[in-house]
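So the structure is just underneath, and the comments pick up after that.
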């Protein structure tokens, strides 16, 4: 099976501080891959590097075997990688419906058009509606997104992330701050949307991680100390020492 | 929702328009369009106050045409060209037949052009422009118009007066021209070059500079150093406002000894902002129609000055406003009507009383002619300048008078006159 | 499509109303004012494409307005002098649009790299530079004097010379309806939607495949284009263009209009343009302190109602949709609160007017007319009256504002429960 | 040689004035992200307060009292207005200060009138200290120069040597960490804003009497301040200093150069038709275009080096 995402000797420094150190990581097509690690390990930085938010200090990142490390975020997105953020990142003043519709626009080739009308396009609106159903937000489609409950906002963000039809998804702590029932709902949603897609997820909730992931990578102080199946990771001595044993969440 | 807004707007504006509609009365109205807000507001407000004073004097003396009063109606243009045009349209609406203005030649130009179109398109409804201070020479040359009268000397005449005075001073050998780079400054520059060549060939022009106008230049030291190295003994400048004050301050601070020959650099507000030391370090010479400390100042004018002082708490400055209003009243009286066309015929060639002999409105181009006085700022004067109860501690001291014949210049005006 | 038709019919109704306005107000001043409003509506709505729709605060947008005006005047003079071929006066706004678009693309390319305060600062820099240029390149801009023109050039189709103001008014109206409708439609296009998205959250917009800079640049260019069209009409309206039209003062004026009217709503800038133009042309004749009131109003809006006037109204939309009764329940507490604010404001205005009066005019006994009543600015009683009004206003506000807030909170909570029940 | 030295010195004098004017804003903007449009208004207030105070108790007391009053005004503006607007973001703060700019200008006109006031250099500093190439230098100009240099030295050492300074420095590059340090952020902001305004006020006290104290001075000085802080780099005091002097020297040198492009074209043996439209541009001398040079510098800087001379972040 070919790799969806491949990181080769990736490093990132902020001034003197080296946050990511010569990191190598392969993520296979259509797998669900979780990245775990203690606070400050560099998980979010890693996400920002892959999505083009930060520029690499050295190394190389390939998406579907094509180099993406010098591209702008929107160019990476167009190549089929979408992501969510640790802090909810939606368009708060626009309606839920608009949020999703904006997510779809590029993939349907609307580009920066000023002659087509968004309301007039049947296909676009049908697709928006079906996506809203998929993430269970149909009932509040016309409410400003900023007024939604936290869990609904996270669901909306996942909706925006998948709207563009990217085949590689990266979710940054999708269940952080949720109650148990909300988490369960979110995990089901993630399972559902990641069918036939590659999923990279950063998560603190070990229950979620072991429930969701096909493979797990453990990131400690900017280095991957292990990549393996959940079962093997659980038994890995180094991981237990560095992470599982000392952390209780 | 928008329709609701529009309804509301309609309602309010109808009310306001109705409340604004002026009632017909027997007054002869003169609209004055000057800045009443913004940076030059004080200049505009002082001029309005002056005009109101002279109108009131005429009214107290029984008005014109057997008791009709003259009313000054102020309009604010905020020194924005479009607003001048807009206010002028308001004046037209309110059927006021006389407009006066003076601050900013660009505004005067707008008035001349707009009224030119109006007067052509609305015969019988002509509006006269009484220009009390806008000095661009072309208004009485190629742009001259039957309904425009200028009561101030134009730039060329003022420069001619300055140059005439300079020829009397043998110590002046090298002159530096420094002017603002816009219409007024450029015409000052052109007039100075021409008249210096004609009348004072012995004086050498050692520098000729145009600067960006309106206080954009903060630091005049580089200019002062240029002037120093040119060896100039005199600076001939049309600068006004901060462009003049900063230049004079910079020369004083550098202890550069020169003479300033100016039109507006020594106006009272500038005098105060520079302070006595700066104002008197170098002689700052300016040309005006009269000033209070002149030994020839006639008694009747002294009385009017005293009255003005009582009225406005200010020393008199623009005597031209007085003779403008007096001559206007006389012209209306002679014409026997307040119709601008008839009044214009009377104003042409009319003489009035000035501080130094008669003043005379040349019929050819509607340009006022009078003797002009040159003076410099001095603390050693009988009457110091007073503004809103504040004593500036200095005023003008006469250097000499220039006879009207010396500043009478030919005109290119070819005026079209209506049938009498 | 029905939606679109509905919005078109709204535009037509507005157009018809505007078309009959000159029959009601037939003075030349009223026509001038209405023409000015028309021009400024286009300019302000165009400006709001940046500020409200795109989230970019510009202090230099008058550049495109003014430069288009200069270009139009030069071309008109060229046609008048027969050095340029004839171009129909009706289509002059197109010239302005091209000029605006050109400079918009140019400057936009450099300045849209960042939004927020950095963008504002860059726009101010460009604004200052162009203003300084108008004074330096005298041959083209004619410095302080500006340039005059005569708009009656070329043939006269159907006897329309564009000499009389009424003909210019209809020309402005025609273009006003067209451009505003176009700008409205643009908000409904993918670009218009993404412009809002970039305003709300540029980071997210980049991760759904859109180049944030490209969206901003396009918004900038389009906005400049419409501003250019407005500038052309402005030049035709006054047959004059001067350096004030490109200056930061003009840019500030359009910002005031857009923001006070309400940048967040499409209608806000229109309300602002109409209202402020009207006040600027009338109130300024009555009070010296007009600019102070404008500054205070603006700062007040920034602090207390960042949505502007339109925002205040739109804010009540959800309440009105949920229950009309809820809205009427707000009327009484609102009136009380407004009443107490107005009391304080009357006092404040009185004090300001008397202070201005004292600083400007030293003559006479000190009679000053405030609210159609004569007061003595030197007498202690008038000061006491106004200070009393201010204190009374503050006192009443302290009582009535919590009431108004309570009613509002109540209404909003009802609305919120309604939503979650759906 | 003499000429060059002399021009540089003039440029330095002018540049230090710009530095005093803009150092406060660079602190405020760097730390709080607030682009204070009304910064030059506080400068103007400084000049007016100094005029009023020196009328009664003299110039030296005014030098201390006026900036203190301005600091208080600034702090109050921050506490009661800016803080309120803060939650709407930096653009809202900028908008507020834009309104404040109008308010201050109108208030000044209301209190002191619309004509320039007579604020003059004190007698005891109004003498020629020394001359250079025939041009005298006033003691007051040197006094201003000394104070502005002292201002830089004090500010710089406070920022690099003291604890408070280090926190501010930290905030300049990483605004988010200040709150995590557990310091009372609103209080720090209020003090920084007050201090920044006081610096502008001090500049007003020192420059008001040479530039002329009038209500339009804020408008004519405002934009140049933004040029300095962008060219210098956001939040960099050193950058503000270098940029100020650079702009000062460039302006001063440009004014002394009476050359136009046409001179150059003729020098290399070509000529351009007198009627040509290009004459509009090529006949302008460098000294005539001097006033737009700072803005040109701003635009070029933004295109080629958006972070400014010494900045850590892009504009």
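A few remarks follow.
Just so it is clear, A, B, C and D label the chains in written order, and each chain counts residues from 1 on its own.
Throughout what follows, contacts are C-beta pairs under 8 Å (C-beta built on N, C-alpha and C of every residue); 3 or more make two chains touch, one makes a residue touch a chain.
Predicted model only: the values in this text are computed from it and were never measured.
Distances between chain centres, each the mean of the C-alpha atoms, put A farthest from chain D. In this assembly, the C-alpha centroid of chain A lies 42 Å from the C-alpha centroid of chain C. With centres defined as mean CA coordinates, chain D is found 31 Å away from chain C.
Centres computed as Cα averages put chain B at a distance of 35 Å from chain C.
With centres set at the average Cα position, the gap from chain A to chain D is 47 Å.
Residues of chain B in contact with at least two other chains: 41, 45, 181, 212, 214, 216, 388.
Residues of chain C found to touch two or more other chains are 132, 136, 291, 360.
Across the assembly, chain D contributes 109, 113-114, 288, 291 as residues in contact with two or more other chains.
By the definition of touch given earlier, these chain pairs are in contact: A-C, B-C, B-D, C-D. Listed in rising order, the residues of chain C touching chain D in the complex are 55, 57, 59, 110-111, 113-114, 116-118, 120-122, 124-126, 128-129, 132-133, 136-137, 139-140, 248, 252, 255, 259, 289, 291-292, 294-296, 298-299, 302-303, 306, 352, 355-356, 359-360. Across the interface of their complex, chain C is touched by residues 29, 33-35, 81, 84-85, 88-92, 94-96, 98-103, 105-107, 109-114, 223, 226-227, 230, 279-281, 284, 288-289, 291-292, 295-296, 298-299, 302-303, 306, 314-315 of chain D.
By the touch criterion stated above, chain D contacts chain B in their complex at residues 6-7, 10, 13-14, 17, 109, 113-120, 126, 128, 131, 133-138, 140-141, 210-217, 219-221, 224, 248, 251-252, 255-256, 287-288, 290-291. Per the touch definition, chain B reaches chain C in the complex via residues 1-3, 5-6, 9-10, 13-14, 16-17, 20, 36-38, 41, 45, 49, 75-76, 78, 80-82, 85-86, 89-90, 92-93, 104-106, 109-110, 113, 117, 121, 181-184, 186, 212-214, 216, 311-314, 388-389. Here chain C touches chain A in the complex through residues 1, 3-4, 185-186, 188-194, 196-197, 200-201, 203-212, 214-215, 218, 222, 264, 416, 419, 422, going by the rule given at the top.
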